[in-house]
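One chain, chain A, links the two complexes that follow: it is found with chain B in the first and with chain C in the second.
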Partner chain A sequence: MVAAMSNSAAVAASTWVTTFLERLPAPAGELEAVQWRGREALSRQPLPSRRQEDWRFTDLAPLTALAPVLAPSSAQVGWPEPAADVFRLWLDAPDDLLNGQSLPAGLSILSSDEVQQALGHTLAACNCEQHWPVELNQASATRVLALRVSGAVVPTLELVSQAAEDGVMRPVRVLLLLEEKASLKVLQIQLGSGCSLSSLVMEAHLGRESTLRHGLLALGEGQACFLGHLAVEQEPRSQLESVWASHGWALSRFEPRVVQVDGEATTSLKALQLADGQQLVDTHSRVEFRGPEGQLDQLHKAIADDRGRSVFNGAVRVPRAAQRTNASQLSRNLLLSNQARIDTKPELEIVADDVRCAHGATVSRLQTDELFYLQSRGLSASVAAGLLKRGFCEEVLRALPAAAAAWRPLQRMLGED
Partner chain B sequence: MIRPDADTLLEIVDLQARVEDKPILKGVNLTIKAGEIHAVMGRNGSGKSTLSKVLAGHPAYTVTGGSVRYRGADLLDLEPEQRARLGLFLGFQYPVEIPGVSNLEFLRVSTNARRMEKGEEELDTFAFEDLVRERLQVVQMDPAFLERSVNEGFSGGEKKRNEILQMALLDPLVAILDETDSGLDIDALRIVAGGVNHLASPENATLLITHYQRLLDVITPDYVHVMAGGRILRTGGKELALELEDRGYDWVDQELAVLEVA
Partner chain C sequence: MSSSTSVGDLVSQPYKYGFVTDIETDKIDKGLSEDVVRLISSKKGEPQFLLDFRLRAYQQWLRMEEPDWAALGHPAIDYQEMIYYAAPRQQEKKASLDEVDPKLLETFDKLGIPLSEQKRLSNVAVDAVFDSVSIATTYREKLAEHGVIFCSISEAVKDHPELIERYLGTVVPSNDNFFAALNSAVFSDGSFVFIPKGVECPMELSTYFRINSGDTGQFERTLIVAEEGASVSYLEGCTAPMFDTNQLHAAVVELVALDDASIKYSTVQNWYAGDENGVGGIYNFVTKRGHCRGDRSHISWTQVETGSAITWKYPSCVLQGAHSVGEFYSVALTNNRQQADTGTKMIHVGPHTRSTIVSKGISAGHSSNSYRGLVQIGPKARGARNYSQCDSMLIGDQAAANTYPYIRSQQPEASVEHEASTCRISADQLFYLQSRGIGFEEAVSMMVSGFCRDVFNQLPMEFAAEADKLLALKLEGSVG
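Moving on to the complex of A and B:
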């Protein structure tokens, strides 16, 4: 059953884009050409609608209720001190991103020629360069954090963006090129509150035998919306471990897409998403093996409470070239209220014959016997439920890079802070 | 120990309960006084665990008749957590695994819930660690189990020891131990029984549900009850357990048949 978009809704949607584009400053700076192209595309492309399979469960109303403009930021609200082994960059800093700091050994800024060459390459390889949220980011982002990674980088690179002012949009664009055998830990923190829009597009190219440990903690409040794309290309024997957690956004849509260009790489994806109140949290992931002997280990967990809604679509593509792929995907969901809703769907396209692909999805309530066991030891029903929820979340959160601890992810995810 | 002047802790009168539409308890009568040790025996499916879960307040069971008074108050009126805080303890026949919840944290929260009820101060993490390390000795349990998730991946015997550890921390007035001896090796049985004896006092009471005389060799019961068809059919002293060991349950079935015809 698909809700047809009425004419007036279509008109309202295109008005939203027109207004959005009109309020953007003229394209300028290192991404000027990209901005032009993004604006062009947005003015031609209709807003995603629920008639499209990929947006079937995801109503953009919370987004179109916003009237976001680009505005300089001054806010760093509720940030912990960076830990000793953390190199923090504030991605909304009004002027220079590095702000006088020198990069840790192993990281260097790409030249503008290199950026020209590389930017968008991985998005295209992952087939998402024309996705609407990507175009929205390209239309507005005025700069990109573009880094080359050589050797083993010791400190965790922490990238923070915060949209705390009503009516702002914060586009974040990141490009990482990991050379052969390089390794890096990245922790991204995306914070949003009020009527704001956070937009993230991150590309990473993992050379042979390189390792990227990536964590994304996306925490919203109120009417704030989050749209994110993560595109990763993996060369053989590279390792990607990506862990993301999202809660609190009126609308959160995250699309991690990974391509193992010649197989033989290892991909681990772990996610935790929470929706309560009227929130909608949506993850559309896609992993594609273009060569043999690739591995995927994916765990997606979600909790939906109140009238919250959680959507997960996990595509895995194993074409004929990808023999001896070993992939597993598990979606585990907790449904805590009768009005909440969970839609979870594996989407396996397996053409190769010699592969191991396991997948499973469960949706359950809190277990009566678990609750009773805790209550029989003196814990109130609500404390018992809280402990069970924490237990459910912990499995994913403890896989975040260690630097995430300073942000108290469990307390923030569960709204205990 | 039987003392005529001891306080009555638990008084079960004609208790009836069902699960969904199936009647299981059909009129249980049992009075337990401070200082006493009771044993309940009976065939598989006779209703022993059901009795223990009804007393602890499991939501799957509906009480359809009778009453239970706990230290003078209406037990059936209380939420499960209130029963626990007031000193009723159930050692589960099948302790539940709770992934992701730290055993140590769970033990601390439950111990503090009980302490608050007794008017004692809450223990912080450090004070609690001291207490738990001391109580671990009662069951000779490896402290490494504290760091794991509640019962997750514990062997059958380890789960039972964890139950007795909880009992040692919660300091109950009435402890119901549902087949705590099942699945224990000989040494573990001695340790667990030793723990139960160690915790028994003139102020509290213990109800042991068991199938085996070997437990009653180590913990001497004051009363032995035989359950059949959702009732307590016979009550005697410790010699009744020996008689069961000797004669089996056939005679119990015959008595039950007479009763159900009547």
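Moving on to the complex of A and C:
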């Protein structure tokens, strides 16, 4: 009986992939070769199943309930006006990405030769170019935003993608090459509603002493699903600060992969994910130190309410070459309902002896003594709980690039809008 | 570091239990089939229910696949090249120790486990298991006065079949996993402990396992039942001779604690670990699980793992009774090419259950030491609490320390905390101790035993000192 059921699930999964592939237009454009590659990989590789360790806690049912097709977009629903120091690009724009604007000083579009050379390099370095969500993106993305960053770029680069129509898929592919000593602030906004699928693959190569501040705000609604993948290669003395927040998707899975190619770099990862209703929100991060004296500071926070499920898997690899690494990881989870569920699993693999690696994880509800304190000051129980939740979220949200404030992340995450 | 030679040498102390006793044994030909299972059962004169249990497990085992998720990278085990039953040839179990083959007594004397009356450890009752068979159990009469049953599991099958039928396989079902199924089909001997209602066991109980034959797998089964309000402390020790081939040890240990009962299970595991190139040694694939069935029951696992080529075990607690408590204290030391993948599972089912996990891993040489643990809080475990701490110490830059703690929670009124850290024996700490006139090796073992103190404090007195010494010996020559 069980075997029969899993068999039929396997058949359904392979039908989903086949139907998805059939609906795609013929490969064309600058990413034609990549599309061929992705489609071939998908047709060979079935949908990930929960028997695979990496997907053990991630049920893809919300994804297979969708029947996504590529379709041009015209919607810009609920976008705030960009502030003066924000340079916004609409990644789903029907024709030219730049739409007549000229790029701010320090940013330039890579030539197609350069794209050919660089695209997929960081994915390969992070050992994830054959990963299923990546292949899904490669199979469908028709263009790539490929930028070279030289020197310090002043405005915040805001990249927005919105899947607002039922049944659409929005694949987004971004490639950033930061030259030596370059610096850039990027804010990515991913919006989804209805029965849509958003797929993101971003690669970033950080040259020596460069700095990338990256924020990702992924806000969904209804049946919408989001699969995001971020691959970063860091050269010595580069700095990466990545902050992401996700809420509202029926299924959301974000996979940051960072490799410090020769160590000596600084990585800071902060995340906040919320799951309520029947949502499943998942983060699988991996940081690998391939040289000495690397730094990692990772904070992952999650709230699961109602019947929501939150999953965190955080791998940190410290091989022999990575002496004097200093890494810390903390996973803090709030479980607010009897039917919600939290799965958290740090993974530390250490082969070097002169390192400092610590990690911690906690799962609890709101602290009763904190609630009591606020109530003793005259706040009602629900206001006190709201305040504590807000504080829990803000620790991460205030680390987003300043431009994110226009999108009112806290209000949208807590459903106060 | 200047001291590299000395710390390196400190770990490679020879294995002193590696001798083989030349004794005639009664073996079943190698290989495994339904006939072998039947033959084991008939040799032991077992009742029908047990034969059925074995055959069912064998059928289940045939349908299972050997797990490979721990990525241990050991060569495939040929289950048809193994002997499943070996017993030293002697007549029926002797009434008095004087009649036991002196060679066997000598073996256990050499291992530091004197069985003869005048040399016995006071206040510790010992069940000695040699290859597949229990040789002797000391202090049985004294225990019987209190109603405590402590005997080999084969004797228990004969003398107390109702207890065996009631409890065997209820904590670790025969289809639990590949190795548990194999054990259920072919288990030879092991210990049985039954503490009746309200009795506090008057002495420490201990089982000593010795593998002697070269090609024998060891499949013992231990079952400990503590009735309402009973309490017991049990210690398990093990050694094996040095062979170039790998031997499989797939034991199953089941603990059952009813209302207000308490079981403390300590292990000092010192199987042969193979030589420095990883040749030979025991594969220790063991399933250990305790079931806190009653309210306010308490199960505590303490383990000191120093031997085995590969250790793969997760002593677990299923906390079902309300307010029940599970504890896990572990020191795992690996050296040379040893691999240890060990940890625990704390399954919180009942309300207000509590668990504590303290795991200390020390890896030296080219070894790999992993902590893998699961803390699961079920939807009914209101007010459950868990605290886990796992620390790793790395000695040398070739050893690996991995940590994989899983936490699953479905109960908002529960709290789970986990923390982990990694450290090493640093040059300045060593320098400080040496400047105070403490010898290098002593300084290292001082720091190691300080690192492990939280766990050693949990061991019964007699064994804490021994465990400390064992670690110091095992580490000889490895710090640098």
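Just so we're on the same page, the second predicted complex is superposed on the first by the 412 of 417 C-alpha atoms of A that agree within 3 Å, B and C clash if a C-alpha of one lies under 4 Å from a C-alpha of the other, contacts with A are read in each partner's own complex, and residues count from 1 in each chain.
FYI, contacts are C-beta pairs under 8 Å (C-beta built on N, C-alpha and C of every residue); 3 or more make two chains touch, one makes a residue touch a chain.
Just so we're clear, the structure is a prediction, and the values are computed from it rather than from any experiment.
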| item | value |
| --- | --- |
| Fit or clash - chain C, chain B, common chain A | fit |
| Touching partner for A:37 - first (chain B), second (chain C), both, neither | neither |
| Per-residue contact with chain A, leading partner among chain C and chain B | C |
| Partner chain(s) touched by A:335 [first = chain B, second = chain C, both, neither] | second |
| Touching partner for A:50 - first (chain B), second (chain C), both, neither | neither |
| Partner chain(s) touched by A:181 [first = chain B, second = chain C, both, neither] | neither |
| Touched partner set for A:365, first chain B, second chain C, both or neither | second |
| After fitting on chain A: smallest Cα gap, chain B-chain C, Å | 13 |
| Overlap of chain C and chain B interfaces on chain A (superposed complexes) | none |
| Contact set on chain A toward chain C in their complex | 53, 320, 323, 333, 335-365 |
| Chain A contact footprint on chain C (complex, rising order) | 69, 377, 379, 392, 394-424 |
| Residue ranges of chain A touching chain B (in the complex, touch as defined) | 368-370, 372-381, 383-384, 387-388, 390-395 |
| Contact set on chain B toward chain A in their complex | 56-60, 79-81, 83-85, 90, 92, 95-96, 98-101, 105-106, 109-110, 113-114, 117, 149-150, 166, 170 |
